[in-house]
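Heads up, the next two complexes both have subunit A, just with different partners, subunit B and then subunit C.
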Partner chain A sequence: MDASRYWHGFIGIQVREWRRFWQQRTRLASALVRPLLWLVVFAAGFRAVLGIAILPPYQTYITYETYIVPGLCGMIILFNSMQGALSMVYDRELGSMRVLLVSPLPRPFLLFTKLLAMAGVAVVQAGVFLALARLVGVQPPPAGYLAAVPALVLTSLMLGALGLLIATWIRQLENFAGVMNFVIFPMFFLSSALYPLWRMREASPWLYWACQLNPFTHAVEAIRFSLYLEWNPLAWGITGTVTLLLAALASTGFRPQRTRILSGRR
Partner chain B sequence: MTPCLRHTALATLLTLAHPAQAGLAYVSNEKDNTLSVIDTDSMTVVDTVPVGQRPRGILLSKDHTRLYICASDDDTVQVMDLASRRIIDTLPSGEDPEQFALHPNNRHLYISNEDDAIVTVVDVQTKAVLAQIEVGVEPEGMAVSPDGRWAVNTTETTSMLHWINTETFEIEKNIVVGQRPRHIEFSQDSRFAWASSEIGGTVHVIDVERLEPIRELTFKVPGVNPDRIQPVGIALTSDGRYAFIALGPANHIAVVDAHTYEVLDYLLVGRRVWQLDLDRDETYLYATNGVSGDVSVIDVDRLEVVKSIKVGRYPWGVVVDPSS
Partner chain C sequence: MTVDIRNLGFRYGNTPVLRAISFRLDPGRFHALLGPNGAGKSTLFGLLTRLLALQQGEIRIAGTSLARHPAAVMGQIGVVFQHSALDPDLTVRQNLAYHAALQGLSRREARRRGDRELARFGLLERANERVRQLNGGHRRRLEIARALLHRPSLLLLDEATVGLDPASRAALNSHVRDLCRERALTVLWATHLIEEIRPEDRVLILHRGRLRADGTGQALCRALGGRDLADTFRTLTGGD
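Now for the complex of A and B:
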């Protein structure tokens, strides 16, 4: 098979994702409203909380708003990925995913392309959010926005792969509420998105270790450090390794015949 | 001259005008009995020098070769030679010296003695006490106008500014300001003096010609309880653009437009921000954060805190050496 077919498949999936994004403009709005509420309302009450210690990558004291912005970027990606997973269930039920998967292109390639398309959408959402955050005074160095893109993409790939893996288990659309409860909330709250880990450690060592073991923590730290033009090899290493692992699991596990609604077997 | 050559010549001239800068800032650590030396280029601590007990107020001699240090618990003022960073002398200071000011003649040092309600004037060359001036209760802040005409002392309990004639060593006027005045700073042209009141939470601007307050500033930091707003250190840019006011336990520095007296911004720094000093070019402002034990560096043009540098415990005073 020549490269043009790959290219054809690649473009096809990208275009489809962007078209879906464009058709669901409310999705962008809702993707932004959530983190903005956290930033403007929730963080306002905690303004002075972090003015007591300096933690890398920050060079000086920061407001709570400044602290949670990278975590909220992670939150945008988290929701985007889980919605992506949801859309796969949807696609599978309506059969368009089948069309995709019966194409002669290798499945890992197709799934990776799909993940990349989702990452593109996520980066745009996070970018708009960062621009809005700048207006409320969260102002990382301008070059940091560019430096954050690879971290945002990697985070999206990791969470997308996780979403795919979950999609292989979900059989029905309604299970998204379960995903919220068992995946999104624990991942988000048990991480460094809202509080620095030294705070968690003060509260309880168990919480601290739960946060440390959560790959989302390291994805958020990769975003945070990149945004402030610092290199965090540990965060990148863990996020990258987990991404590869989840992607490998997802590509072997994702089979169109899992759907039982259409085939009538229950 | 070709444009290229002209550029080179210009660059050379600029280099000559601003020689390679290895700027230094000195910070007194009240609890550690040390002095931290900060390299202002790398913004790191390059040396820590032991000094007398409870060092608080520090200032440079007018020729920038010596540093005077109030060693409060040793009841003395130490003299440090900056080339060797050794204490070479001590001056009689009266009891518990905290703040002091040097007359432009580079000889008369005005020291406030908190416990004795006096201001001691010492000649730093002969070490002779020239005068002991009775002021209000708990003298604290001390400043001498750049034109050398006035020495001003603030007394905390009396809530007054005492204007001392530097020729007669006598008080010519007392001005009542907000509660617990802690610090006073003159503008470069000696026309205005800014005095902060810790408990009153205010800053009074005094017209030096008329010796009358012309403005009273108050502060309101979003999210900070008003009783934590306790103005202390003040720094004024020489172009009259900004006044920076350290707000103590409010953990913020207020940026005030020195012409309109409007508060432009509040900059978040460490806990209990205390004293301030500008570097020679007035590009950076240095602020000591007592409780968090570090020094925050503010970019004056961008009005942004760029870095906080860990120093000793309870940093109190800071001076940036303008000759380096």
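Now for the complex of A and C:
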């Protein structure tokens, strides 16, 4: 099969994702309301309670708002990926997933392209959020926005692959409420998104290690460091490795012998 | 294009759904796959479209093994699923474009072929409407148009008339027969409705995972002594 077929397939999947995004513009609004509430209301309430010491990548004392912005970018991506991945397998998209799977193009290619398309949409949402955050005084260096893009894409690929795995393997989590309780909330709260981990360590070493083992923590740190133009090889290394691992697992989940597309609802 | 199915078996866990089925589809002919609900029709379609993996037996399409050369074979197959596989929020044309891209067609080529198919199916004036606005009959026609976009030589339809009123059902059925004739398409039309089958059709009767009969409707009636196909079908499936 020649390369142009792959190219047309790649573009087709990207275009479809953007068309759907454009048709569901209200989704953008609701995707932004959640982190903005955290940023404007929650952070304002908590800024007095939580003093933040100087910690890398920041070079001065920072406001609590500044601290949680990278974590809230992670939150946008987390919701976006889980919603996207679940709807890919269940929902009305059940049909369009079949259309995808009967394509003559190889399935790992199709899935990766689909995850990348979802990542593109998520990055734009995070970008809009970062622009709004600038209005309330969270102002990373301008070049940081550009530097954060690869970290946002990687985070989205990682969480998208995780979402696919969850959706194909665990049927009980079919509804979104289940995923909220058992995936999104634990991942978000057991991470460095809302509080620096040294504070967690003071509270409980167990929780500290749970946070350290959570790949979402490292994804958030990769975003945080990139946004302030600092390099964090550990965060990137862990996020990258976990992404590869999850993507490999997710694509085996879509080999024909594992496909539950047909039998999943029995 | 010839389709060869040999000794095909499939089980979900310990439940056998297809048991050692063998048959052959002749090129350019309309074949009806008749069976009550739960006979194994959808499983057979799942295997033919690679949504399910082969557990036992072999599928060859135009002499090429589906398991060994999936890309080459999948490009030859057009599928209409039992449940709608359209994106209701996108327009008719956008749905076609998506499918065409997945088949590796360029956007220009996709548009050209898409418009030609839509014109042939009487849907061109609806090209920019969202699928949500179409009625059931139009949606099924669109799905057939989509399945033909990459010019397959085998068209698989899994209970394509489900949810349609009798008039639309008959129209869709005769439309597919026209396509079969005009384009020398090999068609496999799965149904549980006997009125969709004509006496001269090749009929494959599937019941509880076994192929109970294979021949033209007339020949089956003669051989099994039924008054008509419905009677023969009742005899074969034991009325249960």
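Just so it is clear, the second predicted complex is superposed on the first by the 240 of 266 C-alpha atoms of A that agree within 3 Å, B and C clash if a C-alpha of one lies under 4 Å from a C-alpha of the other, contacts with A are read in each partner's own complex, and residues count from 1 in each chain.
Note that in this section contacts are C-beta pairs under 8 Å (C-beta built on N, C-alpha and C of every residue); 3 or more make two chains touch, one makes a residue touch a chain.
Everything quoted here is computed from the prediction, not taken from an experiment.
In the overlay built on the shared chain, the residue A:106 is in contact with subunit C alone; subunit B does not reach it.
Contact with neither subunit B nor subunit C is seen for A:207 once the two complexes are overlaid on the shared chain. In the superposition on chain A, A:23 makes contact with subunit C only, while subunit B stays out of contact range.
Judged by the number of subunit A residues each one touches, C leads among subunit B and subunit C.
Legend: residue contacts after superposition of the two complexes on their common chain; A:61 is shown touching subunit B, with no touch to subunit C. No residue of subunit A is contacted both by subunit B in one complex and by subunit C in the other. Contact residues of subunit A toward subunit C in the complex are 1, 4-6, 8-9, 11-13, 15-16, 19-20, 23-24, 92-96, 98-106, 110, 255-259, 261-263, 266.
In the complex of the two chains, the subunit A residues touching subunit B come out as 44, 47-48, 51-54, 59-63. Listed in rising order, the residues of subunit B touching subunit A in the complex are 222-224, 251, 268-271, 292, 294, 296-297, 305-308. Taken together, the subunit C residues at the contact with subunit A in this complex read 12, 42-43, 46, 49-54, 70-72, 74-75, 77, 79, 81, 83-90, 94, 97-107.
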